Amino acid sequence: MDLGNILPVTVGAILLAGLYATMSYGLGLIYGVMRIVNLSHAGIMMLAAYTTLMLYRSFGIEPYLAPVIVMPLFFVIGMGFQRLIVRRITGAAPIVSLLLLFSVWLIIQNAAYLIWSGNTQSILRPYTTRSFRIEALDLTIGWMRLGVFLAGVVTLIILQFFLTRTYLGKAIRATTQDRDSAKLVGIDVDRISMVAFGIGIALSALAGALFSMILPFNPDFGRVLMLKSFAVIVLGGLTSFVGIAVGALVLALAEEWAVGVFGMQTALKDLVSFSALVLVLILLPNGLPSLLGRMPVWRTKPARPTTAPTGGKAA
Amino acid sequence: MTVKERERQSTAAAATRRAGPGREALFAVGGAVLAAAILAIFGLTLPANSYLLFSGFLLFLFTTQSLAWNLVGGYGGQTSFGHATFYGIGAYTTALLQENAGLHPVLALLAGALGAAVFSVIWGYPLFRLRGFYFAIATIGIAEATRLVALSPLRELTGGASGFRMSTAGAGGRTSQYMTALALVLATFLTSYWVRNSKLGLGLFALNMDPEAAETLGVDTTRLKAISLALSAFIVGLTGGIYARAFLYINPNDVFAFSVSIAMVLMSVIGGVGTLIGPILGAVIYVVIQDQLGAAQITFRGQTFQFRDVQLGLYGLLLALIILFEPAGLVGLFQRVAGRFRRRGGTQAVAEQQALLRNETGDE
Amino acid sequence: MKTAGRFRRSIGLTLLSTVLLILSACGGGGGLAPQTDGGAVAPGAPEGQTAPPAGAATGSSAAAPAQGGAAAGGECGSEILVGASLPLTGKEARVGGFYRDGYETAVKQWNEKGGVDVGGQKKQIRLTLLDNQTNPTTSVSQFERLVTQDGVNFLLGSYSTLLVSADNIVAERYKIPYVNGGGAASAIYEKGNRYLFGTLSAVENMAKTQMQWLKELQDEGKLTTKPAKIALIWENTDHGKDYQKGVQDFVKANPDRFEVVIDESFELGAQDFTSLLTKVKSANADLFMADAHLEDFILMERQRREQGLYHQMVTYGARGSEKDAREQLGNEAVAGIVAGTWWNANLPYPEVEQFVEMWKSTHNSDVPQWYHAISYEAANTLFNSIQKAGTCDREKVRDTLAQYNETSILPGNKTYFKENGQIDNPFVIVQNTPEGESIVVYPKDIATGEAIMPMPK
Amino acid sequence: MALLEVQGVSRYFGGLRAVDHVDMVVGEGELVGLIGPNGAGKTTLFRVIAGVYPPSAGQVIFNGESVGGLHPNRVCHKGITSTHQVVRPFPALTVLENVLVGVQYGNVRSGDPRQRAREVLEFVGLAHRADVLARNLTLPDRKRLEVARALGTGPKLLLLDEVIAGLNQTEAARTMDLIRSIKRQGVTILMIEHNMRVIMGLSDRIVVLHHGEKIADAPPEQVSRDPKVIEAYLGESPVSA
């Protein structure tokens, strides 16, 4: 155990949490509204990273401005994709959507490979490796890391505002909570699904655009990150953005402390998120919120296994 | 609506299952044995250093895996992305026991398969509480975690990222490898046929279509899933061991790879998930794409495109098309086409088939 | 029963198609046809005379074994068939491409000279090169195919320790000389392989050379601390382990001079090194000594800079002087990084000068990197040995290789193999300059410049 | 002698008390009706007995053994099988195979399963449709299949959840006959039904649930005069005829 490290490790973890949260919002939104796990998430992030690269190379657009273009673009792509393809499988068994989106990932990956080759790319601007020091705490922080963290926080605030204050947002929330009731009160669930899918894809793209400035990428980019996103949204209880942010923080702290404070080998770091994913699914099917929430009514027996997540339709 | 949501895609599972025993059994078993015999004779006529032996060996290995995955993923509807763990454990257990403990190859193979089956029970039981994609995603987590453990903490045993080499001394000839793999395909096919027509298969189909109804009728769904997973794991473990003995080199990043699991899913789903023949077709297509078309190339505006470059996308495309239009896979397509060529009852059969795979009729 | 009938038909149909497909899948010359064929092979050979198109293969299964049989005795026909499989796509695609260039250039050069003189008869070399997608399984199958189906006479090896340790087994199985320029870890050569030869010196040697150099710097007062604290970071492979062992052994022998304050491994192809680097930071080391492959080096160095870490010396083992690193990180960022490499274009031998000239003239005046030189030399060594043996007999060529000892472009100006088949040449230590060059700083007798030590802040 | 004893059983969903401290006894060979307005907790109580939900409180005693909280399949093996309110045949299995699931995995497993499955089909009058896919059945046939499947498990206690609702008069009469003959075979039955005429005509005794609580437990003629029951129903939609 190395407590001397705890401050820098914790700061690093908080910054990392911003990154984890940013990449999980899109996945969480799509899951919430449509009960679909977007297995093409990694592909979308990768595609957005390359788009950012192309915008810079071809039009000289500074990468940090890229989200302004990338997000609307992917929003439209996402909506179109939902309308043309995903809608066809609404109501099918969950595994169908999983496989379909997986196939989309394969196709995107292959397309990227054809267009940009398998070579690893990175975006290098004067600001991408700059950092600043806080002498008092003996801390060095990369500007880009801080930027991604802030983007994660700002996105959360905007999303919260959007969901609680706008009609569309409220409709999305209502659909997330109960699709059938939402229909009954006159919400156009079909249209909401399409918009939500678009926003979800746009959020994944935002993550990809931001990551392109701190991580190298190739067509295979995002595989591990996607698994971590799963862990984050499962930890976060699957349907709330605040939950996702908390999940991201918990996962990042667990990973960074395991390595930095408890001296785990770096090579094993990803094991933390993989085990978190599996254990939380089994033990806490409703994520961390179920630990924090109201004490459940006393039960003589533990919850029946089959009441584990069944797509929001318990009982 | 709720009923419709409950309907599983793989009700296709039972599509080909209806006919009773008797002539069909004779035909299926007889046909399989006959095909195997032809392939065996074909193998014997090849010179010992023929690439065909090696290629056939790989095809049989893939087919076995596809059939084995289908036992739990198709019949039982439990989409596992974690079968690489069985492959890896089978390969490593066999290799280590044979190389370091000097165990007889056959015993080492069996031990590897058994190891895989035991491991399947270890992660299967807790995970079977999860439904739908929660199960699928959890299996990805399991597989990746297992790979990491094999890679790092068990480095001394597995060779870590550098892999584990076996001595060339114990390696059998290509002909014997071909025959072993062929025998394994045959055995797996017969097992698959048997399961399909047994009480176990009936229970699996039932829990696949409606787990809750199956439970009320006395089906211990967790137990059945565990049994089918263990059976599947045992077979995949065997293929792992056979692979290790043929390649004499294994690597955690290779035998525990996500792509190994993916291949099994792809082969089964593309061929026709839950059907008897589908997984075989799927494996053949998979190997053909990989081996045969891998070399094709087209030149366009002075740039040469290798077919290999679009291989992954092609699997993706096939998968997407199958899911959107023909959930019963290529087998379903074959049946549909066959149905079209028959004058009478043909259209009815097609309609029935479609109804079977798409929305269920009649329910509110 | 209607359904049963349909079912029977489908089984029948499928069994039939299965058999057919199996035959076609395995059948014929097409199989896994060559990715690139002999490169710019024999000038005389008609363009596009590659393997038969895959589609035409069905049913021609009998042709393949016959072809395989031809070479089994170790005789070559009008051409010498050489096979290789390289990672041209996937993780190692970039370096795999360098190796292809090296092999193809050697083949082209020999062919332009008229070919290899096999017992008085000049024979052209025909190289069949496949892409294994950085996948060991594929690599093994491809070597298997090269031997059994394409009937190649000799094999050139793959790149990266990982692939070489997997696929050289095929060479042992079929008793075919396999010369590689891509496997450096000593573990590959410890297995008593008879047909395996490699032109990459052991990684352990590199670590020792680097340490020796550092020790001399310390004597000159160019390292400010004594003992100098080392952060030792290595990839979790045989390659990395060799490096770690080399450094640790040296440190143990010189406890008053050096001290390892952190000894940590990471996984090949990792996504993020921030937590590792946080550990490095708190260890307060003077020297940063890592062993990493190209992709990992680029990411790690980027994050090291981002975290504002300073060390008196930074090395990533053999990496650091690559063009790709400069492109991805910028000249300024890689300036000062030290690398122990297997070769450098500034080596003061006439052969090297010639080689660099030749390379520049054929490759848009690009200066060859060490990958190019090593792979070129691997191919060159094989062809030279065939010529010296005067036969295509595999055993005789193997024996010639085992006793090979010729002047070459490699450091030490010589190519020869130890008993285990691995070359034993010294390493060259180079340092990047801010101008985007790399200069040789060690060994002293071939140095082209003075090391800037400690690195400026 | 009491075959099933429900002792103070409650089942909560979050804050909602679907079933609230219900006591109830079903004697061997009895046919007990369970009625109540919509949302009274009937189906929830069924599901607690069948093991789909563990009780939040209280006990379910069957044949002198506590079965509360056992998995449905274990409960089935003890001799309790339920049908589902919304029929859920296995759509891609034949009618015979549907029954075979119950026969092979149920409580009684002796004799040739196919033979027994055929007998059950014969008994419920579905024998002529044995080889038809369940998805192609009409609704009445599906309801019948639901019963057949449950019977296939060889239950001592059969929980029938609205097997008559939605049928026309002829079909309803046929099913009532079927239920009577099941009872004659010695199977104890607990059934939910909205149709008062049906339930009055069949039941030996009727239990009434309202808002999760038991408000009456008496022979049919008494229940129909019970003011609490009348109030419960009048407060809701009128009783269907």
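A, B, C and D label the chains in the order they appear, each numbered from 1.
One rule holds for everything that comes next: a residue touches a chain if its C-beta (ideal position, glycine included) is under 8 Å from a C-beta of that chain, and two chains touch if they have at least 3 such contacts.
Small disclaimer: the values here were computed from a predicted structure and weren't measured.
**Q** When you check each chain against chain A and chain D, which touch both of them?
**A** Shared contacts of chain A and chain D: B.
**Q** Treat touching chains as neighbours and tell me the shortest step distance from chain A to chain C.
**A** The least step count works out to 1.
**Q** Out of every possible chain pairing, name the one holding the most C-beta contact pairs.
**A** Pair with the most C-beta pairs in contact: B-C.
**Q** If you average the CA atoms of chain A and of chain B, how far apart do the two points sit, in angstrom?
**A** Each chain reduced to its C-alpha mean, chain A and chain B end up 31 Å apart.
**Q** What's the distance between the Cα centroids of chain B and chain D, rounded to whole Å?
**A** Using C-alpha averages as centres, the distance is 41 Å.
**Q** Could you state the distance in Å from the CA-based centre of chain B to that of chain C?
**A** Chain centres of chain B and chain C, defined by C-alpha means, are spaced 35 Å apart.
**Q** Could you grab the centroid distance between chain C and chain D? Build each centroid from C-alpha atoms only and quote it in angstrom.
**A** Between these chains, centre-to-centre, one finds 73 Å.
**Q** For chain A, give me the residues that contact two or more of the other chains.
**A** In chain A, residues 113, 224, 265, 267, 270, 306 touch at least two other chains, as defined above.
**Q** At which residue positions does chain D touch at least two other chains?
**A** In chain D, the residues touching two or more other chains are 52, 71, 131.
**Q** Two or more other chains touching the same residue: where does that happen in chain B?
**A** Residues 2, 7, 18, 148, 151-152, 212, 215, 309 of chain B touch two or more partner chains.
**Q** Per the contact definition, I'd like the list of chain C residues that touch chain A in the complex.
**A** So the residues of chain C touching chain A come out as 89-90, 93-94, 236, 264-267, 270-276, 278-279, 281-282, 295, 298-299, 302, 305-309, 328-330, 333.
**Q** Would you pull the chain B residues touching chain A in the complex into a rising list?
**A** Where chain B meets chain A, its residues are 1-2, 4-5, 7-10, 77, 79, 126-127, 129-134, 136-138, 140-142, 144-145, 148-149, 151-153, 211-212, 215, 222, 258, 265, 269, 305, 309-320, 323-324, 327.
**Q** Spell out the part of chain A that touches chain B in their complex, as residue ranges.
**A** Chain A reaches chain B through residues 37, 85, 88-89, 91-100, 102-107, 109-111, 113-114, 180, 223-224, 227, 230-231, 265, 267-268, 270-271, 274-275, 277-278, 281-282, 285, 305-306, 308-311, 313.
**Q** Considering the complex alone, what residue numbers of chain A touch chain C?
**A** Of all residues in chain A, those touching chain C are 2, 4-5, 8-9, 12, 16, 113, 117-122, 124, 129-131, 133, 140, 142, 144-145, 214-216, 224-225, 255-256, 259-260, 265-267, 269-270.
**Q** Which chain D residues qualify as touching chain B in the complex?
**A** By the definition above, chain D touches chain B via 50-52, 71-74, 76-77, 81-82, 84, 86, 88-94, 97, 100-102, 104-107, 113, 131, 133, 135-139, 142, 149-150, 152-153.
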